[in-house]
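The structure is given below, and queries will be raised subsequently.
We just call them A, B, C and D in the order they show up, numbering each chain from 1.
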């Protein structure tokens, strides 16, 4: 089982990468994903699962999901 | 032309307003907001601004914004165009066009759309200066 | 092109926005209001709308409006164009364009300008219907 | 001495004319002008003297002034 992780803006720059594949043996929480990729101290951090913004970090992430870890938006 | 778009290319305010007007002859008032890159040389020197988007989600979030505006306000049609590219002083960045029977709801929806776009649409801007690049972290 | 005009001819929103942007590269937000003739066939049938102005005073009042807006709001430039002619459904009537560093004052000034124009500028509209002509006596 | 009077919109239609010249032997009030041209019962009536809107009907009108008698504006 694996989860696709995307990083954007300053988050990608700090991590030095724009994407990775996280291998998991069972469905995990969003909080677990954030920690597994080393973003637990990035504040504020916006999170989207399958292109929907999510605030509940207890949400369960499943095989094949796409998780995006993002800084505050600054479009417009 | 789709009513919600993210694109590299520049856009024409006239073409977008015309496309909106073609939707209904009940439109009596059209409010627009055009965001441009300002001359950045006042505070600190900036050579250009680069935009990054979460491809797919950004346009999806903009489509949801348009739908919500059409429900929340007494308006007839709305268009949202955002460029994701490198821009320089004076270049066009974002355009919101709202058509309604009357001007009150057109103004309200237009202001709400640009305010809410900045909060909900995954687009980021980075300022490129002679001494390096900086991500803009707050939407003004 | 003058920044305040009353004219018979149609105008181009793009040309007016471009003229406004040429004034300053400090402009980051541009709010516009475009008033169009609606399809009048809903309530009662109207063939066309004719405009009359108090020539001289109308343009003078519009210039005073622009000056007052530039003083009251934190904006950089404003343009006001009003047609005085016979229009049909879908035709353009009035255009307000306001440029500011930030969008808040641009929206405020734009809404204030169209609201106050209706109160202070000596222009009248007359609806032409199959059964006769009627002066519109209240500004909506 | 004379004053130029202009009528607009529904005021012009009701009077059946768009302008007239009012002869006066001395400066008169705006109220006098309005009555002299038969508009005293037109309500609401907006008045401009020399292209400035005036609300004080006691204003004195002089030789050569231009007075406009107008219905509510409906531009925009």
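The working rule: a residue touches a chain if its C-beta (ideal position, glycine included) is under 8 Å from a C-beta of that chain, and two chains touch if they have at least 3 such contacts.
What you see is a predicted model; the values in this text were computed from it and never measured.
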| item | value |
| --- | --- |
| Numbering shared by both copies at the chain C-chain B contact, with half separating same from different | same |
| Centroid distance [mean C-alpha coordinates] between chain D and chain A, Å | 73 |
| Whole-Å gap separating chain B and chain D, where each centre is the average of the chain's CA atoms | 49 |
| Distance from chain C to chain B - Cα centre to Cα centre, in angstrom | 23 |
| Touching two or more other chains - residues of chain A | none |
| Chain B: positions in contact with at least two other chains | 35, 114 |
| Which pairs of chains touch, using the document's own definition | A-B, B-C, C-D |
| In the complex with chain B, residue positions of chain C that touch it | 12-14, 17, 21, 24-39, 42, 89-90, 101-103, 106-107, 110-111, 114, 140 |
| Interfacial residue positions of chain B with respect to chain A in the complex | 35, 51-54, 56-58, 60-61, 82, 93-94, 114, 117-126, 135-139 |
| Chain D to chain C touching residues, read off their complex | 6, 8-10, 13, 46, 48, 51, 53, 68, 70-76 |
